[in-house]
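Letters are used for the chains, namely A, B, C, D, E, F, G and H, taken in the order the chains are written, and counting of residues starts over at 1 for each.
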Amino acid sequence: MSPRAAEHVEHTATGRMVFDVGSQHPSTHGLLRLAIETDGEEIVSAEACLGFLHRGIEKLGEHRRYHQLPTLMDRGDYLSGIHGELASALAVERLRGIEVPPKAHWLRSLLGEINRIASHMAWYGTFGRDAGVTSHFFYSMRDREALLDILEAVTGQRMTFNYVRPGGVIADLTVVAESKIRRFLRTFDAHLDEHQTFLGGNELLQKRLRGVGVIDRDSAMSLGLTGANLRASGVPYDVRRDRPYAAYSELEFGIPIGTTGDAMDRYLVRIEEMRQAARIVRQCIEGLPEGAVMAKLPKALRPREGETYACVESPRGELGVHLVADGSETPRRFHYRAPSLFAIAALEQMLPGTLLADAALLVGSVDIVPGEVER
Amino acid sequence: MSETVSGPVFAILAFACIGGAIGMLSARNTIHAALWLSEVMLAVAGLYLLLSAEYLAVVQVLIYASAMSVVVLFIIMLTLREREGPVRMADFSIGGGILAGLTGVILYMALADRGDRISAMPVEPSGTAALGELLFGRWTLPLEVAALILLVSLVAAVWWSREVDS
Amino acid sequence: MAVGPSAFMGVAAVLFSLGLYGVLTRKNAVMVLMSLELMTVAACLNMVTVSRFVTPAEMTGQVFAVFAMAVFAAQIGIGLALVLAVYRQTGSIELSSKKAT
Amino acid sequence: MNALLSSALHASAALVLVLLNGVVLVFMLRRMIGRMHLRRGGLHAGPGGVIQTAADVLKLLSKEGTRPGGVNRWVYAIAPMAVFVPSLVAYAALPFSETLRITRLDTGLLFTFAVLSVVPLGVIAGSLASASNRALIGAMRVVARQLACSVPLLLSVLPVVMITGTLDLGDIVNYQTGLWSGAFPRWFAIPLLPSLAIFTTAALCGLDRTVFDIHGIEPGPESGLAGEYSAMRFGLLCISEFGNVFVISALAVTVFFGGWTLPFVPLDLQSSIGPVVFLIKTYTLVFLFLWTRSVLPRVRTDQLMDLGWKWLIPLSIVWIMLVGLVVKASLPGTVV
Amino acid sequence: MLPDVTAVRSLLSGVAEAEAECTSLGVVVHASSGDAVAILAALKSSEFDFAVLIDLLGTDLGDRVEITYHLRSFTRDEDIFVKSSLPHGGTLQSASGVFASALLPERETAELFGLVLAGHPNPKRLLTTEGQEPLLLRSVPIRTVKEVRDG
Amino acid sequence: MALDRSVGEHSLAFVKREQLFDWARRNSLWCTTLGTACCAIDGLMNLGGPRFDIDRMGVLFGVSPRQADVMVVAGTVNRKMAETLKLLYDQMSEPRWVVAVGACASTGGPFREYPNVVLGVDRVVPVDVYIPGCPPRPESVQYAFMQLQEKIRRQTEERSAARRDGS
Amino acid sequence: MLSGYWHFTPEVLVVCGAFAALFGGYLPGKDRGAAYAAAGAAALAAAIVAFGGTGGPIVFGQLEPDSVARYARTGLAGLTAVWVLWVAGRGMPGERRREGVALALFATAGGMLLSMAEDLIVMFVTLELATMPAYVLMGYRRKDVSGLKRALDYFVDSILASVIVLYGLSFLYGISGSTAFSGLELEGSGMLGFVAVMLTLVGLFAKVSAAPLRHWTLDANAKAAPVSLAFVSTVPRVAGIVVMSRLILAIAASAPAIGILVGVAAAASMIAGNCAALSQGDLRRLLICSGIAHLGYLMMALAAGTETGYGAAVFYAVAYAVPSMGVMLVVAEEGVAIGDFARLASRRPWVAWSMVLWLLSLIGIPPLAGFFGKLYLIGAALQAELMALVLLAILATLLSAAYYFRIVREMFFGDEDEQVGGAIEPSHAATVALALCAVATVAIGIGAPRLIAALGVRFG
Amino acid sequence: MWGEGILAGMRITVRNMMREPMTVNYPHVKLELPDRARWAVAAKYDAEGKPRCTACRACVRACPHHVLVLDSTRRKKGPKHIDRYTYEVGACMMCGLCVEACSFDAIEMSRTYELACLDRKELTRDLLRDVDAAAVEQTNSPKPKRPAGRKRKRSKTADE
């Protein structure tokens, strides 16, 4: 519900209406405001108004010591904290040249994939709600709670973990957590099938999703889309496979791709990603090596002057950290590439020509987290 | 309905009718006018009930008070630009007023002259079922023609409301 | 207190006159259509009154009123479609050649 | 005077019934839907949370009513009434049992539809008055939906009228007493299954859903008018929406499921438990409606219009013709 | 991962004055601010097929702002960085004509570093409200501990 | 529609009726949710989810501000958002309460050094309950709602006590 | 009762033709084929009417397919057939013809029923069916802004007329307690009867665009497409005239004073129509004005209030409509300005000579339809000793010759330079349509004595 | 067949309806927190009830956004005197960096998450006030433990 003052009843020569979806609308997943101009029900133009969550993560990063960076990254893309932490840790490790013990690598992959499923589940539930199927939100929350339990047992927090650090991870898996993971894996595939039957199998929803919000291969690349949004358009690019980090070079997983790039494809790609992520979790839990989880590091990290870019595949796409070090305890420039920012640009291109009723669904289908968009 | 028409009820309904019509004409906003109109329609439905025309009363509500009013309001909504604008009078409305007033006076005179030729409330009339039998029996022909009229209006409405391909 | 037919017909006459006034003086097409509805209702009321008082058994007036309602509903429907078509082209719903009568 | 008093009593009884009905039923449905969502629903207000809805209503009563700036004052104030009153009046013709009903109308069926059809008027008026784009689009959707759904809704009950030859709801119920070949209840739901299907589909499309989406009262275009109102005016809108669901379900029960009657039960017993049977049937149907809705995604308005105009209306017309032929063939002496 | 530096050099020699080198970041092309967009276009259409602008960021170097364009080729899986520097308050030529993905990051960078955006379809401020002083990533001091505490 | 105000100030029934209304208010807290960041996910979304199910207490989320009793601010509020926040608060009708969920909404939290971030929602609107945590557990938020109920109950008692003393 | 149903065969055929036109496009084949089918149906209907004969009252006495109805229905079906044939050849300007043809056929069906109507309810309903499609045809070009606006005006005024008629009918019914024409009983109804008749007639006059409410027809119709106008100003109007005549005849039995009312309207129509026509440069306006004048002649006979006048009026309605249709169709082909007809004789001699034929018929030159028509009208008026009206009619006819001859002069002796109209694409269907019109003009003239006898006109 | 998916969905809802709700009835039943759960920071005490803090300020330095403030007075001899050790629970993000930085195991991430308060003042807490930083010698220095006879006020915990 946006405030009345921001809502104008504008009458232009063509009789168009200007709408604000957001800045506080449940379907915008936080704070994204779309100024939508409509002609009747049809959207003529859409402009994203950002800045409602601009809180200076990049600026604050210049005043944080290197091992404090993960706390900021956690709160950037708050739905997938592990990936943010991992990207910053990778960048620092690359700058400083730190060897990470193999077990840490595997734990990073393990937790990362669990977090990926949790994040997708959050998307899945809200997407169902955008579509108007209220029950689905609760069913996906049921699985998300199981995942959050695992994450809490391992890291101590439900969302902002501060678990992955430069040099490794802070703690090993506990016995409780491991049994929880195994219990989760036993039921997850069946649950996912149930979700897919419930939401994706619904003919009315299929009718609404197919052919809506199409982004073809070329414009997807031109718009800089990454992750599931890109793969739905038929580009099989995945950082985990093409630039392996953590333990992904030793893991087997498939990369689902779509064909048409419509909302249905984006939906299906994410579902399949969850399945593959569960597969990775299974491999990780089976193949977890023994050993330390943290490299020996000095108390204060002072990388040499230099610059680096490290990226991971977050649930929303390529999450990269661009770090410029000047030799002091804090970075000179800390920048991170937010995949959602590019998804918003895609949204601006996708919306015109569709109906207002589809706007919420399309916003849901590209999976945006404003926290990372505005940094 | 009872044999005699209840005076106070009639007075209220008549007042509602006429007041609503005046309200509609004096409204400076089309939305208000439309709402007044539907009020008049409801009041007239009440008068129909007084006249033992139960079926007509229901149809009056169904067609005039709701469906037509909804469509009218819908049109007002679609022609948004004039939404809040006051209803503009024609440049010179005295002539219209005089003509309408004259009509009213003549009608009044006529009614006063001969209106009560038929004043006794007759026996209880037949009910809705009888009306149905009449409609589908004796008056089938106009019924069929009315169906054609509805078809024509459908064709016409579709013809005008479809986008013109340029 | 008995109410005779002339009372009902009087109400109808007032409605009719008011509707006529509206048709003659308003420039807004929707207002004109609404005034026409008012006149229609007046005519229907007249018929129902007569039906009740003159031909209670045959109910001819009620039949007539049913047809009048159907026909005028169709007419108003056409009229609104036309108003909309005109509005789309010109952006105005005022009657162009409305002269004071 | 006596008549006036009794009608006033009837009306106030109806009001109490509607409110109580709403309060209890909404709570039951909230719990039920909660269970469907793997959760519990209201627990803490009163024993087991029974008076949760009562608390909601009381709270709405005690809220300060605000009027947004820039609205059309009178229309804004009247609109909730214009939505509420018809849905209250719609109870008038419903036969809760052989004897228990507010008024007996020759045209009861048509009357109920007529009264329900006034509701969109208030919705539009309110949204036009509240001068918000969002409410406006919402109202346009509501109206489009109503236009698309109320016609097939009306058409779908016509076969019943053709067979029974009456519009009186009580007579329609009476027609359905007894059994067919000793085994099946004489409910129209069995022979007129297509009618029931059309009725159900149209009702599902046409009914507003916002009240029951406890977690989905979205202040978006979907909720239309409701987003602009506060306090008891909003409460009236909610009660009215709930009432519409109840009335439509009650109508379905009356027309298709034999109303207050129960097969295999002696007649004298039936008359005494009539209202209970009626309410149970209706609540079951309300629950079925909600259950179906909880699975269905929001359908786009144009798709809904397509469904209404291109499928339901032609289908119901074809079905009416079929039924007409059968009726004409089997009952040559009857009116139809 | 890393494209051939010599090949990049030979490609760019035909386009503009630019220097390519291999650093800790990867292959970096240093260009003057005027040539950056032309170089991006050349890289996009070259055989390297740098079809995606992955990222765009500004870095404050004290006396000037360095703009880094990060390009990627999916076909060859190679990255390249193009850097150009501008004075404070300088004009940033928009690359949105070449890469649509530059639309939003450019607005953000221009706002946060106080640059003027040229050639952009919608060069409004992105993050802060019009009418407020823009927050510049380079110069605005963050609150001190005391401010925060008493604030 | 404020029925409680139309009842006579000094009537005997007044206190009882007011208590009844306050009971209703306590048990029917409809919230307009201003979820901006992480707290909206854990503190609100999960709280509304099946496991924590705030609906048990009669708390509804996602209500339009015009009908809401409580504004739940979950997440960082910056200067741009503060304008919206103020407007939304102004749209709410009395009686109304504000709950600040999480460190950011309470004090600015981890981002309070950045000048664009508002140092707590109470700089913009009066806050009734603060919930520390980054993000707080769903239970913490529910605990906060219980505190809020307690506060409402106390307010009534204080008011009626004051009236008793005065009369 | 059931035995009379075969009388509806022509109407059913016409409605079937309308459906064929409407949905023919969905069948294999083309839009054009559907239109032809429709035209065929209309013509067939005409033929069946011609051979069908007459009968007594049918359908509870609500309809009476007497000889007048037979003549009028034949005329209506024939006129529609001509129009549809022409449209099949030339199309509707700027729009597809499917809906147009279908609507015209619906109107024809309505008109044919209307000309049989013997009951107020049937009359009202069929009158609406006959006139409603006219609104659509008037605003048929959806891109033509001014045309649409005129259509809206026309619509509003026409509905107003309908409502007034309806209100009047409700009084007529109220006074006589019956809706059958035969049951209309105004004896001793006083002021109420006068108001009832007044309202009904004023509304009906407006519907057929006679004085005093005729000005709106002129304004509203002047911008419509000539092809729409060709239909609107003939078929629904003829039907309206027929039923108006019937009603006047029925009322006149118990309220002879009605003659004065009609007479005044007739005189006003003649004067207004002719005077307005004199100065018109736009052929549409000219023909509309002259149409009002012709209506005046016709009502002159009605003012007599006799069976003879009634027959003469009905005869003239068709006799006037046929040439009028021909002229309008040529206008639709050539152009609306009088200058567009320059040297038509050298370009399209056959068309020009047909035009001459029609214009002469409109003036009333023997042995064409118009001559006999006017003859009978005047005869009927003389019978009732309405000398003033007759004199006025003769003067008006002389006056009308002036503006009709302007067209003839332009066709034969017009300025070469003004020839702007390009070559018209030849179309067989259109040619046949025009030829049919021309033949009918002559044929009605030749067959006039027999027809008029069948219509029940008796002199002497 | 069209509609199968909808029917399957209805079946799933009913199946879930038959399942036991997963709701934890919070004020009456509480979820067990895992061992590693990190909530509000709390001071730790040794067996004798003395705080283990040594006022080394490692935690203050480690905190990314300065929620911990430790004012201490250095005395000529003996451990430092902690005048005030405040903790802004309202701003803490519970990352655990301070606990990791503490080499004396003097603070911990407690497991109280019921932190809501009605007053802004309660968002700032005293972890310790007017106590001596006692235990340095015990754990770190080879020096013998001093007798515990000095003036010591009662230490305050957050919960009081």
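The criterion applied here is as follows: a residue touches a chain if its C-beta (ideal position, glycine included) is under 8 Å from a C-beta of that chain, and two chains touch if they have at least 3 such contacts.
Model, not experiment: these values are computed from the prediction.
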Ask   = Fewest touch steps from chain F to chain G?
value = 3
Task = Would you mind telling me which chain pair, C-G or A-D, is linked by more contacting C-beta pairs?
result = C-G
Ask   = Centre of all protein Cα atoms: which chain's centre is nearest to it?
value = D
Request  = Would you mind pulling out the distance in Å between where the CA atoms of chain B average out and where those of chain E do?
outcome  = 70
Ask   = How many angstrom lie between the CA centroids of chain A and chain E, rounded to a whole number?
value = 24
Query = Where the CA atoms of chain D average out and where those of chain G average out, how many Å apart are those spots?
reply = 52
Request  = List the centre-to-centre spacing of chain C and chain F in whole Å, with centres computed as mean CA coordinates.
outcome  = 54
Note = Multi-chain touching residues of chain F, meaning two or more other chains, are 49-51, 53, 56, 62, 64-65, 80, 91, 108, 110, 112-116, 134, 137
Request  = Specify, in ascending order, the residues of chain D that touch 2 or more different other chains.
outcome  = 34, 36-40, 43, 68, 136, 140, 215-216, 218-219, 227, 294-296
Numbers and ranges of chain E residues touching at least 2 other chains = 127-129, 135, 140, 142, 148
Ask   = Taking the complex as given, what residues does chain B use to touch chain C?
value = 4-8, 10, 14, 17-18, 21-22, 24-25, 30, 33-34, 37, 40-41, 44, 47-48, 50-53, 55-56, 59-60, 63-64, 67-68, 71-72, 75-76, 78-79, 81-82, 87-97, 99-101, 103-104, 107-108, 111-112, 115-116, 118-126, 130-131, 134-135, 138-139, 142-143, 146, 149-150, 152-153, 156-157, 159-161
Ask   = Along chain A, where are the residues that touch chain H in the complex?
value = 64, 67-68, 71-72, 75, 135, 139, 142, 145, 152-157, 160, 162, 170-171, 174, 176-177, 194, 197-199, 201-204, 206
Ask   = Okay, in this complex, where on chain D does chain B touch?
value = 72, 74-75, 78, 105-107, 110-111, 113-115, 117-118, 120-121, 124-125, 128-129, 136, 139-140, 143, 146-147, 165-167, 335-336
Task = Flag every residue of chain H that touches chain A in the complex, lowest number first.
result = 2-6, 8-9, 12-13, 16, 22, 33-38, 64, 93-97, 100, 109
Complex contacts: residues of chain E adjacent to chain F = 127-129, 132, 135, 140-144, 148, 151
